[in-house]
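These are the structures, in structure tokens.
Note that chain A is present in both complexes that follow, paired respectively with chain B and with chain C.
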Partner chain A sequence: MTAVQTAPPRKRKSSLKMGLVPYLFLLPNMAIFGLFTIWPAINGFNISMYSSSNGRTFRWEGAGNYQSILTDADFWGIVRNTVIYAFAFVLLSVVIGVVLAVLVDQQRRGRTFFRSVFFIPVLISPVVVGLVWNWMLERQGGLVNTFLGWFGIPEIPWLVDNNLATIVVIAVGVWMQVGFYMLILLAGLQSIDPSVYEAARVDGANRWRQFISLTFPLLQPSILVVVVLATIHGFQAFDYIYTLTGGGPVGATTLIVQYIYENGFVSPIRYGMASAGSVLLFCAIFALTIINWMVGRKREAA
Partner chain B sequence: MSSTTTEAAPETLPGKTWTSTGKNNITATDALRVVILVTAALVALVPIVWLVLGSFKTPTELSARPPLLLPESWGLSNYTDALTRFDFTTYLFNSTVVTIAATALTLAINSMAAYALAKYNFRGKNGLFLLTLATIMIPLQVILIPVYQVVASLGMVNTLWGLIIPAAATPTGVFILRQYMLSIPDELIEAARVDGSGEFRTFIQIVLPMCRPALAVVAILSIMWRWNDFLWPLVVAQSETVYTLPVALARFTAEETVPFNLIIAMSVVSILPVIILFLFFQRQIVTGIANTGIK
Partner chain C sequence: MAKKSRITARLMLAVTAVTLLGACAPGQVEGEGGPGQEPLTVESVDPAEFKGKTLNYVYFTDGPDEQATRSLIGDFEKKFDVTVNLEVLPYKDLVTSVQARLSGGNVPDVVRLTGLTDFKADLLDLRRYLGEKYAEEFLPGPLVGAAGENDQLLAVPSDLTLNGPFVNVDMFKKAGVELPNPEDPWTWEEMIASATKVQQATGSQYAFAMDKSGHRLSTVLNQYGTTLVADGKAVLDADKATKALTPLVEMMGDNRMPRDFWLGSGSRYTGANEIFLAQDAPVYLSGNWQVGQFAANAKFEWAAAPNPCAENCGGFPGGKYMAALAEGKNPALAAEFIRFMNTAESQKTFIVAGGFLPTRKDLAEEGVAYPARQSDMDVFLKDLSRTPEVGYSANADPAFAGSATELVNAVSEVVAGKTDMPAALKKVQDKSQALVDELDR
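And then the complex of A and B:
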């Protein structure tokens, strides 16, 4: 675009070739995209309109699957679990993420060390995360209960009690992901011009005052990114729960993705129901992302 | 978002060491901060250290109550047993092949698409770019069943291809590479054209070498995702010969037929490569994630 003066005639000569070239460059990526993302996304709506048994015989149902899914008490239990999980996950991720990012940012000596250490759980296979925590939270003789025992705290049935298991699943999810959010927030903090702090210091603002009136507002864009990502991640949680609680006890930690997986791939297979669940999940993620952006925009404008 | 090389704040301020003069008193806030950071670091690390220690313990030591902190001897028998007792090498091989092949494919097709979106003007460009970005909102979890049906109809269930191809076109990769390529001057590409270089040759010999930092970020992210991926391999790899490490681990844990000491050893093997990669490429990973904010 900028180099218009250089040899215009040659450009005209190759215009036909130029016309196809970008499409050829795009072709492999778009082919895979189209086949494995865009077409399935469209087809998903289609599948959700058909009844199915064991993944085979299809009959047009219209909104029938949605009707049966929405009148299913078990499904509402799963929705409830998912909403509680996602809400707590986002809230804790943002709060702990901001605290860690600010502390790491202020820490001159060993900043890189702490940043790396908090990021390491992000790198670990979620399957292994679930496995390790399941092992450490064993009721009798697990590492956590043994540790608490030193302080005279009696055995806690972490993975047996419904409410405790919910808390554990949320806490482990935050443990695994918060380093990732911290990194985004840390980048946000480091892009703040240090001279604004100097000005504030000259005006006699203490650290807390500086955080409330400067850091927090200037960090809003990064916080918004974290809220959006954490919302999406929160609604997608599955892999580590699979090895941590398996969705138990008695379904207390079964979330929507596990519901989709089990209806789609564990006998009795019910593609229609699973797809209806998927469509509802997509609508939830889509709506919340839009709301997050709108709230964030308004905040930024204000 | 647009700049690709930040890491703005200096890691260590040269003038601020223990011996330097100036305001250097350790205040209560400083002490509190260090205490909180160290505690949080312990919380982050203890499970991993516990896992690694556990991988050296014998079954008897593992079932000791209260648990033993350290193994009595640092034998490697869990690792060697895991290697011989079942097809551990197959799972390791599958994970490695899938990760490397998928990453290579991702790099190839993402960089080509990014080049078209960054450096050419053509009809539908903005639409295709928006479509690419919008698919970040469509996670695999949401389209699991229809994708599975496509893969099944292509006969790719229970093949490594089924694990490699479907997720290769990542919107994140296209986005990172496109942003980077925008910073390459058009004059350079024009000059190559004047010299008679074909479009594809210009891309391979001039554009790609200049994108090395961005390609490294995409490669590292792709390796991390693919190595730890679980839900998709769980769905596609139904027979044991195509299990990846995470799938094998999850299946064995659920079935309770495999001794726990071997599962721990396998877990350690499955987390090591990514941690080593991270320690080597820390800077690229950190800036890559911080700048794109996408996982």
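And then the complex of A and C:
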């Protein structure tokens, strides 16, 4: 019978120490994350249970703010606008992002130049983007209508017609962000082993077949990342829309974040309603993100 | 066993979360010691005590008033041997900025405001330093918005504005249409008919322009005998409002008024002054603060006209207030500063520079000599006497600003064809009532 040997206690202590080390390195970041993300989120949820008209005297409301929001007909109109915007934004961002990524991946001459051209809008302040496009799309004297006028095209009410304004807002949003998604997809494309394409060419697959059968399936992890990020961006869109259309005409481009902003920062100020709106938005984005990941993982597994 | 311990762990987590939420109640909760009512005792402060102190004045500017304010501050600093930090903020950031400073304990001493709704609980009752009789120096109308519950004086009305129309005299002359008589105001029908005649004769793009503003729409409502809120109640009369607003919607429908301007979106200021300055409309409804701007920029002859009459004549009043924060470091100095900035001499300097109307009784009685365009300012002064008192209480009501925004949205929806006038007005009534209920609690 042989005695069972146990590990010497000193060694166990040392491995415990080693096990703790990574957590110690993570601690500062966790502290900052807790202080500036977790704590405000908890406090925001807490404030959503109160009403306040001056920002300092609070009255307990329980679920009253949530009830007010969810029974407000205008809110549901804003939800509709947001869903339309987010859906179109995600779809166009993915499609255009993939096309641009494939193009800048393939072309040889001036590749850096073109990548920069598509990426520059990401670097511009959204507020400036809104103001500049507002100036360009003004019905009278705006740059775009003046240009169209040279070809005899009558003035187009870009920011006056409900449908046109919605299209403009989506188009400007995609223009502003698509360069960022293009970079993610480009990184995905460049991680695909070139020998896969060589084998496909040997088998006689043309470029379209290669794209459908190889590029697209192999790019799916990157597309999933883009879908998740674009969903979050789409539901949180506000800054450039506020300066571009102010949410008009007649509320056609008012999205949820503007609703939250106006409750929280425009008189009469309602911090509780703004916080309740933020909590609802968080829940919606969180749920959609989880669904996206689950669908993506299922596909990957299949 | 493992299942049981998981349930226990979840229960503990829930209890911890509830405890944590309870521990982080936001700020001061009502019923836990708000500002109490104290009997009024007027403090007597020796001005020598102010020497060497510093006062922070948070201010927004309408333009030409800033230089006058700086000059008056210089005089105040010399007189009391103090320092005044003038902090000029963009108007749209003022409320949130001051609220943030209140929450953070960095309280300014004095602020310039357009209404007290967001700060009523934080303002100093100026009677404690300036006495109960001080308020009598001001016109009763502008004082309505400065009063707190129990007759407190929470601010001093520092200037007065009045909405009213302007006419392009050159276009009227060219069209051979008679100009309005300042002594005998137009009716709404006469004003629209005249403006339309001028539009047709001169080929101007529009007949009438108006700022996209709930305040300006309230002018029209008042003239038709109704208003959004009064005496803490939502009081919009749908029939009168329909009579008031239908001509505007019709004019936007047949291009006598710029429909695109009303529906056009953007976050920039929604004044139609550029339309008037470009001579695209012979009549423009705005207010007296445009006088200085037109004097400097108009390349044509223009004039202020009396407000058109319907059931009532006169305009709709607005203006600004100077208020002191109760938690400011130097309330006595703040009150003295407000008194100094609103003496007859100081107010005259300020309103003449800014093109405003006086809030002091003495100045209103003796009249104010403006360096230019006296006759136009006199038209506004004359209209003040025709303005119904209800306009002051409407403008001072905490629910006014929100209700006015709802009115603009409602008119926009009718103009866009999204709804009809009865449904739009019902929505305004409901939203105004909800605001009144919310802000009265």
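Just so it is clear, the second predicted complex is superposed on the first by the 263 of 302 C-alpha atoms of A that agree within 3 Å, B and C clash if a C-alpha of one lies under 4 Å from a C-alpha of the other, contacts with A are read in each partner's own complex, and residues count from 1 in each chain.
In this text, a residue touches a chain if its C-beta (ideal position, glycine included) is under 8 Å from a C-beta of that chain, and two chains touch if they have at least 3 such contacts.
The structure displayed is predicted, hence computed values, not measured ones.
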Chain B versus chain C as contact partner of A:47, first or second or both or neither: both
Partner with the higher number of touched chain A residues, chain C or chain B: B
Touching partner for A:22 - first (chain B), second (chain C), both, neither: first
Partner chain in contact with A:243 - chain B first, chain C second, else both or neither: both
First, second, both or neither for A:136, with chain B first and chain C second: first
Partner chain in contact with A:265 - chain B first, chain C second, else both or neither: both
Touched partner set for A:58, first chain B, second chain C, both or neither: second
First, second, both or neither for A:162, with chain B first and chain C second: second
Contacts of A:253 with chain B and chain C, given as first, second, both or neither: second
On chain A, positions contacted by chain B and by chain C: 43, 47, 140, 242-243, 246, 265, 271
Interfacial residue positions of chain B with respect to chain A in the complex: 6-9, 11-13, 16, 29, 33-34, 36-37, 40-41, 43-48, 50-51, 54, 64-67, 108-110, 112-113, 115-117, 120-122, 125, 128, 131-132, 135, 137-139, 141-151, 165-169, 174, 185-187, 190, 193-194, 199, 203, 224, 227-228, 230-231, 234-235, 245-246, 249-250, 253-254, 260, 263, 267, 270-271, 274-275, 278-279, 282, 286-287, 289-291, 293-295
Chain A - residues contacting chain C, complex: 42-43, 45-47, 49-60, 130, 134, 139-140, 157, 159-160, 162, 165, 242-253, 265, 267-269, 271
Residues of chain A touching chain B in the complex: 1-3, 6-7, 10, 14, 17-19, 21-23, 25-26, 28-30, 32-33, 35-41, 43-44, 47, 99-100, 103-109, 111-112, 114-121, 123-129, 131-133, 135-136, 140-143, 146, 149, 175, 179-180, 183-184, 186-187, 190-191, 207, 222, 225-226, 229, 232-233, 236, 238-239, 242-243, 246, 257, 260-261, 264-265, 271, 274-275, 278-279, 281-282, 285-286, 289
Chain A partner contacts - residues on chain C that touch it in the complex: 20-21, 24-30, 34, 95-96, 99, 102-103, 115, 117-122, 259-260, 263-268, 398-399, 401-402, 409, 412-413, 416, 418, 435, 438-439, 441
